[in-house]
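To start, the structure under review is shown below, and the notes come after it.
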Amino acid sequence: MNSAAFIIIAILTLGAALAAATLQKLMHAALSFAGAFVGVAALFFLLGAEFVGLVLVFIYIGAVAVLIVFTILLTRRDVGKDRGFNWSGVAIAVAVFSGLTWSILKTQSLSIIAPHIRALTVKRVGEALMTSYVWPLQCVGLLLTAALIGALVLVMEEKR
Amino acid sequence: MSSWIVTNLWLIPALPFAASLVILSLSNVRRKSAAALAVIGQLLALAFSILAFLPTLQTHGFRVVQNFNWFTFGEQTLRLGFILDPLAAAMLMMIALVGLCIFVFSVGYMAEDRNFVRFFAYLSFFSGAMLGLVIANSLVLLFIFWELVGLASYLLIGFWIERPSAAAAAKKAFVTTRIGDMGFFLGMLWLYNRSGTLLFYDGGNGCLESAGLAMLGASPAVAGFIALLIFCGAAGKSGQFPLHVWLPDAMEGPTPVSALIHAATMVAAGVFLVARVYPLFSLGAINGVTPSLTVVVWIGVTTALMAALIAVAQADIKRILAYSTVSQLGLMMVSLGVGGVAAGIMHLLAHGFFKALLFLGSGSVIHGCHGEHDIRKMGGLRRPMPVTFVTYAIGMMALSGVPFFFSGGWTKEEILHATAHWPRSHATYYLMLAGVVLTALYMTRQIIYVFFGNSRSASERVHESPRVMTTPLIVLAICAIFFSVLLTPAWPWLHTYLTGESAQFELVRLIQPMFFVSLVLVGAGIGFGIWMYRNAGAPERNRPAEIDPLEYAQPALFRFLANKMWIDELYNRTVVAFSWMAAHLSDWMDRYFWDGLVRGFGAIGQLFAIFTTSVDERGINAGVDETTAGARSLGRVMSTAHSGQIQTYLGVVAIGMLALLLLYAWLA
Amino acid sequence: MVGLITAIIFVPLLGALAVCTWPQKNGRPIALMFNVISAACALGLWWKFDTAATELQFVERHEWIPAINAEYLVGVDGLSLLLVLLTSLIIPFAFLARPLPGGRGFYATMLVMQSALYGTFTAQNFVLWFLFYEMSLIPAFLLIKIWGGENRDRAATKFFLYTFFGSVGMLLSFLGIYFAKGTFDFTTLASLGKHGLLTGRLAWLAFAGIFVGLAVKVPLFPFHTWLPDAYQTAPTGVSMVLTGVLSKMGVYGFVRLLIPLFPNQIKIVGPWLLVLAVCSIVFAPLAAWAQRDLKRMVAYLSINHLGYCMLGLFAVAASPVVAAEIDMHAALSGVFMQIFNHGITAAALFYFVGLLEQRSGSRRSVDDFGGLMQRTPLLCGWMSVAMFSSLGLPGLNGFIGEFLIFKGSFAVAAAFTAIAVIGLLITAIVFARAMQSLFSGPLAESCSAFPDLLRKEKLVVVPVTLLMFVIGIAPQFMFNIFNTTVVQMSRLLS
Amino acid sequence: MTPTLQIFLIVSGALFSIGLLAALSRRHAIFILIGIEMMLAAANLNFIAFWRFGPQHQPPTGVMIAIFSIAIAAAEAAVGLAMVIAVYRHYHTTNVDQLDQLRG
């Protein structure tokens, strides 16, 4: 595992994420959001979960980010209004971050180096999905269908 | 043939019950079928009664019981049974016969009534229960029928339901008899507990047989108490002092009901009960005297005299007869108490005939007078109503105890005879003699008022009753006279039948000292009555027509008696008022004290809640109910944290998560 | 394969779901349909029930919460079966009562309660039992709170706080027992109970907790003040279920829990318990006498009738003398009979009051009626039967139970029994008074347009009344259900 | 130096906190959704990291959970955005300050 690559990817990811959270313009924030997810996907590649990384890219960049952009466009008239910023959120976020970091650092057993592992092929993932995880898979399929219908119902024009 | 009915005694009460059920399901307009069904049911019951009566003639002391399991609880069994012995058979005959007469009479008497069908249903129901009562071989079964006749009595007293007075009388009868029944119930429990069975006769193991009595005999005091508790029931049903108050009021019911239930049969059930469980009363007797029997005697004497006195001053034709019934029942109780069981039962049977006759006669009079009950408004009825008059006079003679020709005379003499030989006290004997005089007196007064003198307001346009009503009168009058054939000392068939001996014919015994005593007393009573009331209902010297001669002579005494010695008022002021107060007190306690106590506990909890949650103090004095209010105000305080801003919620969640994280890290 | 008992517990729940999803506004037909199914299950239980077997029958045992040794353990003995049958009878009866609050929610809630009742009567493990016990409380609360009449908030809150308070005490007591003995199983606990489950103060605390919890439910004097309010305000059907079945949960708890688990404690406080029972028997009908509201009157009489049950139980369990076998059998059989009889009789009385209420436009004071016999003879006739059954007239069902209870308790507590007889008398007075003012006298103007019993009402009334007669005249079939249980139980007690 | 598990966890924690920041501080509903998505991604990162560093099982549990979690997150995003549109139509704002229907 390349340490340099990790540092670059991590900095890019977190930077993009911070931008997504703080940028004034919504459209910019959406683009940064996509960038942050590219970074996360890269981290996944680094960890050897190439398939999951790809899935992440497809779903988030290909679907969610596009959805967000559409939503921004659909609610555009609202964009210009004054927003303001809630600083107590920053305090809480910082507190949570420090708490997490403190407890992670405090836990000695976590400072381990990645072992060598058998490559996680798509075939293995597929096998697992179709055997041990076939029931959850079906449920997720059902859930997605339900979410699709639900989203449609929500955005349908109300009948007069 | 006859043995078949002996083993199927249940058929006798079952037939009227069945008739009653069928009639109840009929519609209100099917009058003829209702009456026919009731009469047929009763006729069949009479036929079966006769069939059951026949085998008891063949052997002396005949007794057959059939016991059966009613139900098994746990590993124990409650058994019931039917019995056929002379006592039961004689009662069956009397009830079925008198009942039949009254059923027929009712067809005429109730002809106009709207609820004719329902009346016959009730009447059949009563008949079934009463017939069942006398053949019960178990105290439980007897109690069951006992309560059922009580129910029938309740329904029939209140039959004219639209009259408030009838409903009140029905309630009074139901409650008063039930007071006695509760004593009966307790006595039954106690007996069950002591002897382990409630069957009277069970092949030597019944509670009235040697084994059972031996178990009870271990503590005679307990046996005495049990007997007295059972006597409470008898006193309630038979209108003995101090539970007699319901019986005169029960005259609110239709007259055939009064005749059947409140004269001939049901009220005699108390006497029958005492006779049935007589071994309990006489357990451990010395010279035929036990403490429980002594109580029975004195209650009987008190009742007999008190009721006879009150009867002298009543104006309602049926009330006079009602008090007379109470008095006669007291007489029977005395007879049982002094040891004359057979005499008491004989008087019961004879009384059943002539009192039913008198009541039906009074019913005929009332029917003729268009519903008038007041004897002071009648008068001179002997001419328009000859049949009623003659039969009524026969009944009156029998009741007064005119010797020789009338059944009542013979039985009364026998009772007096038994009383005279009671070792405990002679006072009862003399008091009984006074009772005989009084009986003759009030009956004479009544008959003079009703049938003699000039016709007064109610007796104009009077007509004789239809054939359907007079025929039963005649039948009963014949019974009242010819029943005496079985009673005379010359051939005391009924006496020996009941006691299980054989009767010898001996003409000499016909003339006894008691015969003359009785003759003199009855003569005195009737003579005094005729002298006193010769001009009743008409003005006389300074006396206006509507004032009773006795009232004129002794106004205070008359008022005392006319108001029934103020016993009702006394009860109303004491027992009834007290119970009513207790009821309100209970209600009040429940609403305020107990609930208050609970609220108090609630308040303590609330106080605690107030401390811990720092909620405002508004609700301190309130109780359980206010706790919700407290919770609500607490909720209001808490709800200010709920701004509806999801971001605030999320922030709180995050803080909470952080806190958990830190806690976990700190613990580790 | 689902066992019969599990089926009977879950059928009403399914029914509740079905009612909720039913497209029509009126949920009654579907609710009744599910009632028929559960009644069929109950009859099946009865059919297959072996009356001679001494152990629990139809037992189903599954792992549930292994950590605390709590199993899903259901089974029936005679008593449980009796109560299951009673529940199956009363709930549809209540659905046919009027006036009826409409809507699907009412039926669904009632069905949930029915399921909880079945569970309570069949669970043989405390955790499961308590779950169902509490599960019945919530629907009852909602039924009073949402569909009640005047003062419903107050009554519902009172009911809830009272019973909930009792339940908390019971739960704590059972936790104490669990920590001492490590089991929740009724049968095991009962066999341990003879030697004393707990010792010292802890035992008394646990006893008091369970006692109060059950006494509130029954209710026993002086824990009864929630009852008149609740019964008065609840809709007719709910009152019927409350008095017909829910109050039996308390009695059942006494029989199943308190008496087997704490025999020594009960013996010590026995006389006081008997005093409470006698107070229920005497004061409740006295208070009923003073009521004008018919429902409240019937409610107070319910306290009285359950007082007889308590008298029988306490007399057997609490008397210092060991009762003779016959008396034990009599008292226990009497109590079981009384449970069933009071269930149907009191429910019938509420049903009739409901009919009057509906006809009069929701008035039900005794002063509002008069002379009904002239206008509605059938209604009065059938209602009188229920009244006579309630006051213990022989030939009707009430007498059997009361006679046996008195027989059994007289032997061991004669004085208390003698006082309790007064209760019988006062009950008679109360009903005589009610009949006088409702049925007789001149026809009250407000009643002049009352219709008599309608055909659909007759269809409800006649079977129930016939049952009263049948039990009153030939009760053996009822005794067969629980005779073996009675024998077992009295062996446990002596 | 190769990155240890700790580093990955800290990165994931940082990503989570940034997501939280976005969800808490921004007024626009879409930002809140973005924040939530980021928090979910952080969680997924955790799963993958633990899978990679932990003992190996067949099937690979951590990866599986991540896959399902992504699927659910996608569904959530779809519904969430639909709700934003619906709310916008109703109240003509996407400003969560002005939405306080949940107020107690």
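Just so it is clear, A, B, C and D label the chains in written order, and each chain counts residues from 1 on its own.
In this section, a residue touches a chain if its C-beta (ideal position, glycine included) is under 8 Å from a C-beta of that chain, and two chains touch if they have at least 3 such contacts.
All values derive from a computational prediction rather than experimental measurement.
Counting only chains that touch, the fewest steps needed to get from chain B to chain D is 1.
Set against one another, B-C and A-D show the most C-beta pairs in contact at A-D.
Distance between chain B and chain C, defined via averaged C-alpha coordinates, is recorded as 35 Å. Note: centroid distance chain C to chain D, computed from Cα atoms, is 54 Å. Centroids of chain A and chain C (each the mean of its C-alpha atoms) stand 59 Å apart.
With each centre defined as the average position of its C-alpha atoms, the distance from chain A to chain D rounds to 6 Å.
Residue positions 647, 651, 654 of chain B are each in touch with at least two other chains. In chain D, the residues that reach two or more other chains under the touch definition are 20, 23-24, 97.
Taken pair by pair, the chains that touch are A-B, A-D, B-C, B-D. Within the complex formed with chain A, the residues of chain B that make contact are 647, 651, 654-655, 657-658, 661-662, 664-665, 668.
Remark: chain A residues 86, 88-89, 92-93, 95-96, 99-100, 102-103, 106-107 touch chain B in the complex. Interface residues of chain B, counted against chain C in their complex, comprise 70-76, 118, 140, 143-144, 147-148, 151, 154, 158, 161-164, 166-168, 170-171, 174-175, 178-179, 182, 185-186, 189-190, 192-193, 196, 579-580, 582-587, 589-590, 594-595, 597-598, 602, 624-625, 627-628. Chain A meets chain D in the complex at residues 1-3, 6, 10, 13-14, 17-18, 20-22, 26, 29-30, 33, 36-37, 40, 43-44, 47-49, 51-52, 55-56, 59-60, 63-64, 67-68, 70-72, 74-75, 77-78, 81, 83-90, 92-94, 96-97, 100-101, 104-105, 110-115, 117-118, 120, 124-125, 127-129, 131-133, 136, 140, 143-144, 146-148, 150-152, 154-155, 158. Those residues of chain D that touch chain B in the complex are listed here as 20, 23-24, 32, 96-97, 99-104.
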